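Below are structures written as structure tokens.
Two complexes are shown next, each including subunit A; its partner changes from subunit B in the first to subunit C in the second.
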Partner chain A sequence: MPDQLEHLPRLTHLLPCREAQIKTLLLLLGEPEHYSYPSIFIYGHRASGKSHVTLTLLKELKMPHVVVNCVECVSLGLLFEHVLLSLFGSSHTSLPRGPSLSDFVRLYRQLCSEDPAKQTRYIVLDHAELLRDMSANLLPGFLRLQELVEDNVTVIFLSEIVWDKFRPNTGCFEPLLLHFPDYSKVELQQILAQDSCPSYSPELYSSYISILLGVFYSVCRDLRELRHLAALNFPKFCEPLEKGEAKESDAHKLWRNIEPHLKKAMQTVYLREVSSVQWEEQQQKEEKEVGELRGLSAYTHVELPYYSKFLLIAAYLASYNPARTDRRFFLKNHGRIKKTNFLKKHEKTSNHLLGPKPFPLDRLLAIFYSVVDSRVAPTASIFSQISSLVTLQLLTQVGHDDQLDSPKYKCAVSLGFVRAIASDDLHQHALRWTADHRTLHLRHHPVGSHPTSCCLWVRCGPRAAVWEPVCVQRRGIPRQPPALDQPQLCVDCAPAWHWLR
Partner chain B sequence: MSKRKVKDQQLTVGQCVCQVHRILRERFCFQKLPSAPVGLESQHKHLLELLKRTAIHGESNSVLIVGPRGAGKTMLLKSVLNELLDVKEVKSNILLVQLNGLLQTDDRIALKEITRQLNLENVVGDKVFGSFAENLAFLLEALKKGDRSSSRPVLFTLDEFDLFTHHKNQTLLYNLFDISQSAQTPVAVVGLTCRVDVLELLEKRVKSRFSHRQIQALSPMDFPQYVELVQQQLSLPQEFPDGRFAHEWNNSVKALCEDKSVEDVLRKHFNLSKDFRSLHMLLFLALSCVTPSNPTIKPSLLLEASRLCTMDCKANMLHGLSILELCLIIAMKHLNDHYQDEPFNFEMVYNEFKKFLQRKSHSVHSFEKPVVIKAFEHLQQLELIRPVDGSASRTQKEYQLMKLLLDHTQVMEALQRYPQCPTDVKQWATSAFG
Partner chain C sequence: SGLNHYAISLQEDLNKKMLDGLLEFVKKSAASFWCRDDDWMSRMRASEIPTAALVLGVNMPDHTITFESMTELLHDSLTPFVASVQAKECTAMKQLMQKVLQRLMGTNVMVDEDEAEADLGFHTRDCPQKRVNCSLSALCDWYQSATKKSPVKSPRKRLSSSQSEFLQSPPVVVIFRDLEAFSPQVLQDFILVCSQYVHQLPLVFIFGIATSPSTIQRMLPHSVSSLLCIELFQSLSCTQHLATIIDKLFLTSKFHFKFSAKVLQVLVGIFLYHDFSVCNFIKGLQLSLLEHFHSQPLSVLCCHKQEALVHAQQLNDRDVERIQQLPSFMRYVEEQVPEEQVQLLTSSEHVKGVCQKLLKSLHKYHKNFYPALRCLHVLTSILPKYPLGKQIRELYVLCLEKKVWETQEYDSAMQLIRMLAKDELVTCLQKCVEILTFCKSKKLKKYTLYASTIKCINHLHHPYSSFNYSFQTLLEMKECRRTRRKTPYEILRNAVVDYIDNLVKTHLYPPESQPLYEVWYYSSSGTVRRHLNATPRTSIQTALSHPYCYLQNDSGIISSAAPDICIIYKLHLECGRLINLYDWLEAYATVATAAEGKDPSAIEGGKVDELKHARFIRAVSELEFLGFVKSTKQKTDHVARLTWGGC
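Here is the complex of A and B:
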């Protein structure tokens, strides 16, 4: 009898670092003529070799099998047809239109009786988690396919989601669970080092890989992603070598050259904010313009009309500040405000943790008028800009769309975004955020003023002529609106104030 | 002749093991019918009597076999059918229609399947029927004898019976039970289900036509019987080609069942569930490691199989997370501890993580927020966290409310097993306040 394990050395050579898994699988599959367990469920993280090992095994042992990627099967018909075609050849498959599992099983039995199995047939379903979204009887049906068709067939499911999430309410046939553990750091290094470049020594490539893992290992363990990043950044690593600035033994120099580069790759290529091609292009012109390319997070691509920007800023203020504080921030004569218990208890958890609150249209417009510089009439153009912001999904409308009298909105952009559009080309105004002070202030900020000053400038009331200075360090607002020539300032702010004048 | 016999009896070890695999795999995987049902003798007798009355005397009946998954309902039915079809007069007389709730998902498909199994496709042809009942009545009419005085009995078996109750108006069930009540055609309806409350699912008019006869497939097995069953399942039959090998194998199985550690394993499994399927899985895993170089089942194999069976999948998945993802899980665990399992969003988790970084982290470096978001999304993809139902899809993803689908103990255990886990992360996880 040929021992199943005689294939082991050959397969281990093809599939490095998966010896234990190959062995278990070989033993489970057993002799081709014997029955195998009706359904086997293999799970493990992405790129831990689930599909690769299974497929290589089936191919090398020349077992009759079919591989179905459930992502590709948009309809059940495609799935069934693919299975029948691959297992029984193309001659006579006549599935009706819109076939059900019943048709599939009937046809399978019919074909099977014409061509009985001499060896175990294998059906491999990759990305099996998608089967849950197809019809409800599909997954339980495939799990007990052997019983339904009464043929020597085994269904292998591959997924990165644990089996517990698959089990239907009333239970089903339990498959055999098999776990593919993730590669350890050493194994990753060993596998990645295999694609070394022929023009350099393997030792160099291996040292490059260890640098790469040093940067990325704590974030990403996906072999495929690491491999892509390694291939993408290797030319940059070799640059000093090609220019003759360093030798292969200058490990430290090479490391100094590549490390900041890899860190930048983590913020761009890894997040898919730029494509690999863009990243390569950028690497080539790096010498001329440093740090030009930023991804989406830089918000450089957002172009909005002038008033839309103000509307968005106003929306942000309305969403993240409690309505009670509007008086304080946007009104000139806000009356006496007690310093203690300024915020109620439930307001103390920052809105930046809980998310934006909805606000009515009136409030948005009131804040908008107090924020914008010039006198703006509430024309149709302003309102249409609001609705186009909704269309752009920068604002979201809360409640029904057909609510006409007082629609409510929510701001759907982050602080970074608002900050970016505020500083964009409004050269006189910049937004400044005080650390967890829960308020956003507009600062009168002539170009070139002292950036570290702690003074913030709040404009009092719509179209008011007076700017009120607020000192962050004292966290208070002077009770009396100060005269322009004699501001009440703390010692730190005073120089900045004089400089401004 | 005698020479060949001698030769037959001395197979090589490899051939013997191959034979062992063939026999036992058929038993464990293909669920080959045993010669007699184990633990379900009285039910077997009951069902056989009932079906015989239909098959021979033309009496209509309906019965439900209820029992948990893997308890042997299908096995019971199949062995009864086998025995029934052995009787010659029955075999020539009875017609069998086997339906499965998984396959026949609505009544149209079910009716087609019934037509096919009764071999009446050419009789029906292109006829158009007004209703389901009319169609079924036509089918049964077609089975009558020439003088229309008597009809062949039809046996309907409905696997996954509870799924048939979800069909529109339960038309199929209504009609089947209706026929079994009225004396038109002798039919027997046998339903198999794992739901105890299946009668509650039936509509009133369907329920009133059902005979309310139930057979419980629960075996009152105790632990010694369970061990005996294990031994029986692993033993080789008399007709094994190599008698000496079979004898040795059976002895080793007997020794195995008396082993102390094996007994512990079996008791653990017995306490979890005593159904056949889970037992077969355990035995199959142990059997798969039997090779020519290792031709007996040893206690260690069974221990290893039991370890494989009872592994915690989620803990396995946690083992493969990156440090950053693990940190996020710990932050979520702390949030859960603070706020009594209230849902959380990404910003809260990120805030908690940042607090950790500022206060006591030496080994974990700070990451850009988008990188952290990507890690968070990966956790969601692995379904370790899940969005709370009803939290609107229109909220920004940072503020979408989530729930952690892991236990406190699972997290802590995973942390213990995590390779090269930094000490400060471990300490952060064990500290009472985030």
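Here is the complex of A and C:
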């Protein structure tokens, strides 16, 4: 057994379930005085223990090292300075402004000649994928740093991305790759069970963890997150014990108590719909006094000024209708087009599946003026509303050239959103012109073509023969057929919508 | 005027509730940071950054005020460390870090690289030792040293004695004013970095959200949003905001400046149709205040009663003449007996006396107008389909425009009231009574009104309680109705409705009917519209087709010939989508020569002289600059038109 493995038992105790990786790393690092391999690339998913293992190893073996989080380094200078400062502790680092890699290498060599390495020095670059965006020669440079500075130094890259996505160009130095696989369910159980609550027995906590994993393992394998969830929900688990309603051995009773609770947690606190603090507060309250806590995504309604709504609807129509059809939809006396080959073949796939298409400002305004019911003067505020829709990310501007003459936009909201907006007041008649071919087809149907009804009613028409849409019947919602002057958008028949598609 | 200040303070008050909640949140999270002790629970929990998501609505201009008052509040009561950033300053992580650090530490932060290079010279001279690295670790060090010198002083209240008002270690608040506009990548990186320092630095984030909270989930992946502990705060909706403003500023006799129906409609229209911005509404109010007091000399009389009476006494002859020319005053004169008419038209002293009398009655009219309006609104706002409008402002506009009781909607509303059930009617009447009691300054006449309403209610209550005996009686009542005999309740209800009807007819006269109403009411809706809802395109087109509108060539200094660009513009209207430049030039040369008084056919050999050629080129490029034409590669020597339509 080589000497460097003498630390193995101690380390595996500290870092459970990572024995193979520790062993490989220890062998790679070798004796402190010896030169080590110039660069090592460690990858694996989030919370698979990459940084934790590496750092614990370096700390436990007391090796000189520096850890740099690349997210934090907004500039190269910051990165270099951090490395030099921690390795040499010199306060008189005189990096020039806006340093390049060669400046760094030069300074490193200079400092290194004063203080040559007795042991291998390690530079750990966390979130190494960001190095790719920094400077073209940075990554190849770090890969060969040992050669460049002629010092006993090893660079360890940590990343969640595989090396194939990094490889800068041919001829670069290939690092040693080391993969940290995800923890298996058994391993997760073992690790999580270690931090048991001091006031309860480890067995109880272990059984709690296995219940927790039973619920969450299918959606989340992130150790950090699981630990957080375990801590948040443990008090609830212990509630029957505190109240004296159950004993530690009543596994089934405890399970029955906690399971629905965990399922609820999966839908709310895990998705951060509800913050952890709110979740805890809610737990402390009695069941009955808790009003249903609404998650973040429950608030999707956006209130918009009247014309902004129309602009958004117009943008939606412009994005999802082919430009050729505008004439047909928005002009009173359009020429007769035969309905059979009205839409080209490729247009027959639902436009909603293809995503929004860009449209010029002119087209947006033309549709806007024909959709809006009254005469609107082209005032400055109409235009400023377009740009404020862009700031709100409801529209996106595409293409940056020719901004003055003809800017192009894309609609960035979904049909559901536009329908919700339209249903606020009588905006929905504007949505009538959605050119899904099926709608078009139905529009020619005598039953379906109701002048002021919304697209959905039109869609429902011929299938249901009269104004009694199938979807509504299926869901059992009693609804009046739309009156002529008051079209209704039946917002809550999403299943039927899909069914009709 | 006090109106303006009141409007602004009102706006701040409206946000108060949300801000208080926010303050509580920041305080709580800061406290929890420091009592994060060693118990099992807190060791196990992932440390999240407390984050307040502030949903403010889409009225972006208004957010500035909210954020300013929020920053001030935090500064004054909780922490000196508040940094507020906007998306447009932070396009990359580097700038974001720099801005945050700069605002927290109050010093210049070095980012090295280019832009630091630029201002290198004068900063090194100023404070070379103050330059700090742009990283959060630098911020941590700074925070440690800043809080060590306890107690932390508020930079604003350095002079005041209350120094130990902050917590031992105040939280560091970072405000993202417009979350939607931030690039998601920058935000994610920043949150990632901050989460690494969450143990050393009590960070609190505040997100200003304009659309909906689900934006957070759209922008941040789960791995990042799991680092935050998000709590939601929702501000009042902007329509409620507007309702309060109108209620407090216009539906009161406290302020004398009033809008006519048209102006109010323009302002509310801009609000509802265009921007949802209360700030802009108040700007419109300020503009009309300015316009009114500037353009109407008689607006000196638009003030408190005593002052107005004094002012009326001091009117000079020109002002008296102006009064005599007011349409409302002329109408008043016509109603008088002939002797009085002569007096009013000749004696200025008499006019002043009458004017005082009329001012008094104007004050009285308004004192009665608003309570009556509110009573009517209370009764009609519960009716199905809201025949007189759901919001009080709609009813107000209706009453300003015409005699409300002559409208069809009013009739149907009254009919509906006559069908109201007991409990509804009683609650409404109780509200009315509250409104009337609230206006204490009523004269005796009002008092009787109030008393009689009370009496009505008592009457209503009385038989009501006896009805309550049994279900049997109720059934009997129905029986009665069937036999067309009116129950006591129905009789009373009719009495009440008649009474309300009478109330409306006596007090809700439109202001136009009042003599001297022009003194209080600002009615130039065109001006307001022109100033607030500009139509740049129309203006440019007017300028090009009728340049005299803008040149206002009264003195005759400017030559009466149309400017070149106008000729060019008119000619281009006749063309199709593509314009041949040479044809255009020839047409221009012909017109220009004719304008000079020469015979256009005299252009020898189709040659245009150089001066005209140059003028033509300049005019075309001006037109291109205005966005009417642009060069095209489709056809040589052609330009493309960018507008539709001809002349």
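Of note:
Rule of thumb we're sticking to: the second predicted complex is superposed on the first by the 289 of 501 C-alpha atoms of A that agree within 3 Å, B and C clash if a C-alpha of one lies under 4 Å from a C-alpha of the other, contacts with A are read in each partner's own complex, and residues count from 1 in each chain.
Here is the rule we use: contacts are C-beta pairs under 8 Å (C-beta built on N, C-alpha and C of every residue); 3 or more make two chains touch, one makes a residue touch a chain.
Please read these numbers as outputs of a predicted model, since none were measured by experiment.
In the superposition on chain A, A:224 makes contact with subunit C only, not with subunit B. By the document's definition of touching, of the two partners only subunit C reaches A:392; subunit B does not. By the touch criterion stated above, A:323 is placed in contact with neither subunit B nor subunit C.
Contacts of A:356 after superposition on the shared chain: subunit B is touched, whereas subunit C is not. In the superposition on chain A, A:97 makes contact with subunit C only, not with subunit B. Shared-chain residue A:271: touches subunit B and subunit C both. Of the two partner chains placed by the overlay, neither subunit B nor subunit C lies in contact with A:415. Contacts of A:161 after superposition: subunit B is touched, whereas subunit C is not reached. Look at A:20: by the touch rule set out above, it reaches neither subunit B nor subunit C.
Applying the stated touch rule to the two superposed structures, the overlap between the subunit B and subunit C interfaces on subunit A comprises residues 271, 297. Of all the residues in subunit B, the ones that touch subunit A in their complex are 12, 14-15, 17-18, 21-22, 25-26, 28-31, 69-70, 74, 100-105, 109, 113, 116, 162-163, 194-195, 277-278, 281, 284-285, 288-289, 291-293, 308-309, 311, 313-314, 316-317, 319-324, 345, 347-348, 351, 364-365, 367-368, 370-371, 374-375, 381-383, 394-396, 398-399, 419-420. Subunit A meets subunit C in the complex at residues 46, 69, 71-75, 77-78, 81, 97-99, 127, 195, 197-199, 224-225, 227-228, 230-232, 234-235, 271-272, 275-278, 296-297, 299-308, 377-382, 384-385, 388, 391-394, 404-405. On subunit C, the positions that touch subunit A within their shared complex are 32, 40-41, 43-46, 48, 50-51, 53, 55, 57-58, 60, 92-94, 97, 111-114, 116-117, 120, 133-137, 178, 180-181, 189, 192-193, 196, 210-217, 222-223, 225-226, 228-232, 234, 237-239, 270-276, 533-538, 627, 630, 642.
Here subunit A touches subunit B in the complex through residues 1, 3-5, 27-28, 30-31, 33-38, 43-45, 48, 100-102, 105-106, 135, 137, 140-141, 144, 146-148, 152, 160-165, 170-174, 176-179, 181-182, 184-185, 217-221, 266-267, 270-271, 273, 295, 297, 352-356, 396, 412, 414, going by the rule given at the top.
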